[in-house]
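Reviewing the structure listed below.
Labels run A, B, C, D, E, F, G and H following the written order; every chain starts at residue 1.
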Amino acid sequence: MPEDRFDSDPNVTFDRDRQLRIGLEEAVLAEFKTVDQVSAILGDAIAEGRRLLLTRLTHDQHAALPEAQRAAIDYCPISRTAILGDLPPQAVTPRVALVSAGTSDAGPALEAQRVLAYSGLSATMVADVGVAGLWRLLRQEELLKSMQVVIVFAGMDAALPSVVAGLVPGMVIAVPTSVGYGVAAGGQTALNATLASCAPGILVTNIDNGYGAACAALRFARVTAPAMAQATPPRDAF
Amino acid sequence: MPEDRFDSDPNVTFDRDRQLRIGLEEAVLAEFKTVDQVSAILGDAIAEGRRLLLTRLTHDQHAALPEAQRAAIDYCPISRTAILGDLPPQAVTPRVALVSAGTSDAGPALEAQRVLAYSGLSATMVADVGVAGLWRLLRQEELLKSMQVVIVFAGMDAALPSVVAGLVPGMVIAVPTSVGYGVAAGGQTALNATLASCAPGILVTNIDNGYGAACAALRFARVTAPAMAQATPPRDAF
Amino acid sequence: MPEDRFDSDPNVTFDRDRQLRIGLEEAVLAEFKTVDQVSAILGDAIAEGRRLLLTRLTHDQHAALPEAQRAAIDYCPISRTAILGDLPPQAVTPRVALVSAGTSDAGPALEAQRVLAYSGLSATMVADVGVAGLWRLLRQEELLKSMQVVIVFAGMDAALPSVVAGLVPGMVIAVPTSVGYGVAAGGQTALNATLASCAPGILVTNIDNGYGAACAALRFARVTAPAMAQATPPRDAF
Amino acid sequence: MPEDRFDSDPNVTFDRDRQLRIGLEEAVLAEFKTVDQVSAILGDAIAEGRRLLLTRLTHDQHAALPEAQRAAIDYCPISRTAILGDLPPQAVTPRVALVSAGTSDAGPALEAQRVLAYSGLSATMVADVGVAGLWRLLRQEELLKSMQVVIVFAGMDAALPSVVAGLVPGMVIAVPTSVGYGVAAGGQTALNATLASCAPGILVTNIDNGYGAACAALRFARVTAPAMAQATPPRDAF
Amino acid sequence: MPEDRFDSDPNVTFDRDRQLRIGLEEAVLAEFKTVDQVSAILGDAIAEGRRLLLTRLTHDQHAALPEAQRAAIDYCPISRTAILGDLPPQAVTPRVALVSAGTSDAGPALEAQRVLAYSGLSATMVADVGVAGLWRLLRQEELLKSMQVVIVFAGMDAALPSVVAGLVPGMVIAVPTSVGYGVAAGGQTALNATLASCAPGILVTNIDNGYGAACAALRFARVTAPAMAQATPPRDAF
Amino acid sequence: MPEDRFDSDPNVTFDRDRQLRIGLEEAVLAEFKTVDQVSAILGDAIAEGRRLLLTRLTHDQHAALPEAQRAAIDYCPISRTAILGDLPPQAVTPRVALVSAGTSDAGPALEAQRVLAYSGLSATMVADVGVAGLWRLLRQEELLKSMQVVIVFAGMDAALPSVVAGLVPGMVIAVPTSVGYGVAAGGQTALNATLASCAPGILVTNIDNGYGAACAALRFARVTAPAMAQATPPRDAF
Amino acid sequence: MPEDRFDSDPNVTFDRDRQLRIGLEEAVLAEFKTVDQVSAILGDAIAEGRRLLLTRLTHDQHAALPEAQRAAIDYCPISRTAILGDLPPQAVTPRVALVSAGTSDAGPALEAQRVLAYSGLSATMVADVGVAGLWRLLRQEELLKSMQVVIVFAGMDAALPSVVAGLVPGMVIAVPTSVGYGVAAGGQTALNATLASCAPGILVTNIDNGYGAACAALRFARVTAPAMAQATPPRDAF
Amino acid sequence: MPEDRFDSDPNVTFDRDRQLRIGLEEAVLAEFKTVDQVSAILGDAIAEGRRLLLTRLTHDQHAALPEAQRAAIDYCPISRTAILGDLPPQAVTPRVALVSAGTSDAGPALEAQRVLAYSGLSATMVADVGVAGLWRLLRQEELLKSMQVVIVFAGMDAALPSVVAGLVPGMVIAVPTSVGYGVAAGGQTALNATLASCAPGILVTNIDNGYGAACAALRFARVTAPAMAQATPPRDAF
């Protein structure tokens, strides 16, 4: 039966031309779209030679894309991000660190790293320094004190951001992750723990939102680093 | 082993003849039924030449229906609705707009559009006007001010209904959607945000309930538009 | 009108003679009793020359007790505990430390200390060593490593128990406290954070339950320290 | 009865000398302390001629302080903050704006303003620009675009931070407030809405945490504005 | 100490002149304002001879207002609303009914009735028709069928809106109330029950939000009843 | 100012004559009514010589009633119930036991006992048999096995109903109580524990709902005991 | 590698001989067991010629059982129950009705019916009488009034039990079902609505717990119907 | 496209050499890692001849490991643990019991047993003694009274730990399990019930956290049993 009774409405075009309209590169939040919708958006970008960043592209969605599209993109299965096109030259200021508590937090940390790289900012990654073995973090204390923005990724009890914020003078952004089970509740406990932190000045994003933390770092760059003033972070298209 | 020990009980007939009994077209909420139950209901309607509307018919349920039944219905995979039979002539009053924040909200918006179309009311769709890029909404301000009923579909933070309700004089119905992750919590945050809106007079439905919002618009039509007074919205059979 | 229609029922005597029946000293959870009930229990103990421990005796309840009863008890307004009678000699083994994150956690910490003292066990208190100023805790590292049981009191994000458990070999019992606002949610976030801790082997009590943690330490004492084997922890009468 | 059985323990001194130990000015979170504890801390600071900042000092706590102490401090009943001592010279960079949705959000906004002022940073306040009357915000668009840090205070549905973040290039910090009833749930809906925002790069604090947002702005100042590098934000003593 | 260091900031004027600026009568949500703020707003209106509607003005707030202000307003303690000035002539179309399940639901029902009356619309009240005694509702069936908008107030299990929506063709707006204890949870169960209703087309407001339901009815009036087109519902000032 | 603009509406009579209309004695849920409403209902009953049962009449409400009304009723402050008029003769079948875990559970247990007594059924109370001291319950095992309906009152972890249901053949009704703190959450944990019980056939009421459990026992009596067939349980007027 | 290091422990035998030990037929809660565990339990029963009832046996578990075992049992896919062996003669007293709101509630209703049938009690099923079309229920009013126990199955808003309890004198047991989406929350809203019902004396089970409701009806039978006194309901083996 | 743009960062090595660095055997929390990450960690251990303990290794992860790795480990599908290498000699003091309520609780109980065995401590398992059949537990009363540490595994209502703690003098650790449906909520009700227990001194772990309970028992061993002082429990690598 004809679905096109509705398709003829010009408003249901799913905004495939949004990127033309607003003239800036965008990130596409893929998770809540059908494969057809993602593929159409990707196809348009390829056809027009534009760069594109996709976030939360699930493994199943990726596997269902046409072979040619899969070949055209750089897909990172851990962060579930895909990049179409080249990376710009990478700046090293502002100084941004990505600090994660454990191996399982790699997904959001890599998402942030890749969003920053897509926008031309190189970040320093400090992995696996959870507070259960405090010496791992203390070994990195001087490095972290030299940073302007420190993004901390932690799940479970998310004690790491509190300890980091007690050690460093820079901005501290906590990204609670969904690592953990039972009362960890998909990251809700980590989120609440970072919001209720005893260390002052911690700022928080949604659970697993490495993309949002990276966008915040890019906002920092735009208003502090002249070289980054023109950088345009990807805007979330959902 | 014989299950029919129970099947012989006349009360377990799953009300296949309800439509004959109550003499009005109904929507069937398919999601919580087995494929056998859905297929039986559909088969009866086909045999009797009746129209039928099914909501929340999952892709798996649709795929498991008999080939002949699949061919007989108009299935929209995005809204997960199925229509058996023809659409009636489409009225354009009352003036109803369906406004959605992003591409990912298309499911409930199309569900509402198809329920309205099934009942003979044509609605105007205004898609992808989320507040993160405010100019998209402001561009449609005059159109929306001319509407009697504005149904707004938004997930995540659901800021759009508040902004719309501050701009238009008509009735504003918010349909929170399940788009989002982490604290979005399957639409619970969007739901609460619309209920707690700072703009007065917003009315709210259950999460993703485009069907319910359309039924409310049909109630509006019945008590305000003489031509629609006889229109019978589908009743929810669960 | 006569309430004694019900009072004549022998089952509604509110168990004022429980202590005679079971022959062991008990703690009375006062918070959910009326002042009359608390006063009656206290009066019986005074009349019989028995010791008594009351927990969660609110300031209002305390103020409403008869003057003579108030004079007879040692009431600690911070921990809301009251002790009637003398303390026994105080043992120093097993070695138990009470570690608190901030001044605001003093209530449950003092409750635990007083329950232990009532039962004859002296504990070492280490106050105000929250992780926002890590040097405060690290300064006590050797002391804490020498303890057999370390009870940690922390509210807000409750990062302290995780860090402590990464430093010491002994048993670690976390008592989440209700200190904090907003998402701290009366201690729920601290509770969840300690349960989800990344440091292995942390055990947890109900929010603000210094009494329960002390009872656990007394259980430890009974099965490990011969001198404590006869010590009887107060049993919760609610 | 003697409570000093416990008071003689040197660990229960409630850290009245912390400020001497760590040599930096601190904020004291008053809400979870007894009046005696707050008064002792305040008395020490007065005696030693030190400045002091108290947050969440309730009206009842304030009223119960000794008359001389009440006269010595600048208490703001709306923000429930108290300042002892003079304000330092006020810098105007970095450029920080405090944007609030409604009159009822004044408490946390004033808390942030006073914490910043206490630390020597003057902020621009833009009050009562909630999205229900969008023109109020759009009138301030150019001002807000010139800011490096924009802190947005909003309760109920908290749609304002999303709209602001879509308009300005600077850092956007959302402080959800407890304004609202029913599903507003003491700020939980505003919190979740800002965390789930459709606008990228919003950072969030605990509910009503104007203090935390100000501390984050001071972290921004320390790593970007040479003149502020020595400024020391108050540390949270809880 | 001088709080006016901050008061001199022109942005902290608490918008006492908002009504002059936007030229339309407003409702003032009093609950989250200090008595001084409410009194100032009220004083301005009296001085300028303007009408004013206040919602959620608590008994304590009302009692603390100056005697002259208390005498000038019509305060309804059950609905906690106050009206300053005269009521306009009362229209009887559109036909709006206010249906409540029990006596305890009178607060929100009267709030809605008074908001409508303040805006010039007279509604029909049908009280105490909860489903536990079904005949009470069925006795009113014909009356309710003749209504264009039926606003139903119910707490506890909120079964009434579902039954009403199965009986009447008009718009059905459910206002869940906070009546009940235990799992009623301050109206959360009533809210969820109405949102999940098995009857199609029910629209829902926040808990106890009689004001919001009345505003929705006024939106209905503006787009359907020519005589009401100029009526301006009060706008929520929070 | 005249509130009677609304009072003249005949629907706002707060159903003071309901008892005449439906010809059966009712319970009045007092908690959510104003003192004026309660007093009016009580005054009518006194004037007409009718019996009346009030539940959840708070201490403050009771204290605010007119002296003459207070003298006319039998008020139980523990169960917060009030009875106006005489009790009928008390039947002893069906055999109903009221079993409570601790002294703090006396409120709902006495509420049930008084509702039953008001309706003419005498119940056996077995108090203070919580599972922390199992011998107390086992001592009553034979008595409980002889009962047809066993209503169990327990807060905190509510382990008692599960143990009782494993011992007795009769109907087991659990009334979770609000006794406890922290995760006890006002009875929510006790409620969930009884609903999730590992012992089969336990039935559950709302938290602290001794009234509801008594009504269920009266339903049992009506359909099993001929002598009770005419007994009319009080109906909940809220 | 050898798992039997643990299997040789006699305590880990998974209680395959429990039925021999306690000499009564049991229900086995299959959902949380592995297929091997279920198959072993079933194999023992077949070998010993015993009857057996399994509840919550998922479709996947059923499909994975050995062919011979699948042939030996009567599996009902809608209720996910399996019966091994013959049904006993079916009694018709006590009079029990199973009332369900919609077709989607058939699963728990059939579970109850089959548990009762397994234990020798025949129940009357009244299906598809949800309150959205009230006439369907009213048509059955006389039948329901003649019942001693009425078990009502409803999901979504679960308004049906409240209406039924207002109509019938017998015991009313509500089984909230997981039918619904969004705020229906897997049956949590239906559960809370039934617990908070405005109709007195409703008793409630866990979500979808048709087994528990049937066990309660069997408890009713044992203490009221001499012929059922020896009937032994299945005990839950989890 | 090359993912190795990021792989060349030395910080993203997923800490494969952590075991070399910290010189102690560790447990690897497998659930939140990709199969590639788990396989790499396992491969390193095999290559280096080290022992290794993996927890929460799902069936799908296990099935996806290389055949050779699967052959090298002892995988227990019920507890989802895997052990690489030999077990050390097994001590029998301290005396630890693992008590479980039902067959479905075997997963966490076996996890605890295997973690203890991996660390050289043999525990006594007492299975299937849930309180619904109280005699099963009472039969084991003397055995349990002789234990120093009693770990109790229970889901659903988790009444068992309360009853056990009322019977034994030793330490009682409750591990709430995720067994149950509906309000059991994946173990949340069991967790809350154990935290709110009426029996004093119960300590609690996260849901299903047999690993954590075993680590606590090993902490007990280190500070009480000289022979265990050198035993090193596995540390959680997440």
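The rule we apply is simple: contacts are C-beta pairs under 8 Å (C-beta built on N, C-alpha and C of every residue); 3 or more make two chains touch, one makes a residue touch a chain.
For clarity, every value in this text was computed on a predicted model and none was experimentally measured.
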Identity of the chain that, by mean CA position, is farthest from chain G: D
Copies chain D and chain C - interface residue numbers shared by over half, same or different: different
Pair in F-G, A-H or G-H that repeats A-D, with over half of contact pairs matching by residue number: F-G
Chain at maximum distance from chain A, centres defined as averaged CA atoms: F
Higher-contact pair (C-beta pairs counted), A-C versus F-G: A-C
Centre-to-centre distance between chain G and chain D (centres being mean Cα positions), rounded to whole Å: 55
Rounded Å distance, chain C centre to chain H centre (Cα mean): 29
Gap in Å, rounded to a whole number, between the CA centres of chain E and chain D: 34
Geometric centre distance via CA averages, chain E-chain C, whole Å: 47
Sites on chain A at which at least two other chains make contact: 101-102, 130, 132-133, 156, 180, 182-184, 188, 191, 195-196, 198-200, 206, 235-236, 238
Interchain pairs in contact, sorted by label: A-B, A-C, A-D, A-H, B-D, B-E, B-G, C-D, C-F, C-H, D-E, E-F, E-G, F-G, F-H, G-H
In the complex with chain E, residue positions of chain G that touch it: 101-102, 130-134, 156-159, 162-163, 165-167, 180, 182-185, 188-200
Sites on chain G touched by chain F in the complex: 27, 148-149, 169-173, 191, 195-196, 198-206, 211-212, 215-216, 218-220, 222-224, 233-236, 238
Chain C residues touching chain F - in the complex, by the definition given at the top: 1-3, 5-6, 9, 11-15, 18, 22, 29, 31-34, 37, 56, 178, 186-188, 191, 206-209, 235-238
In the complex, chain B residues that touch chain A: 72-78, 83, 87, 101-104, 106, 110, 113-114, 117, 124-128, 130, 132-133, 155-156, 179-184
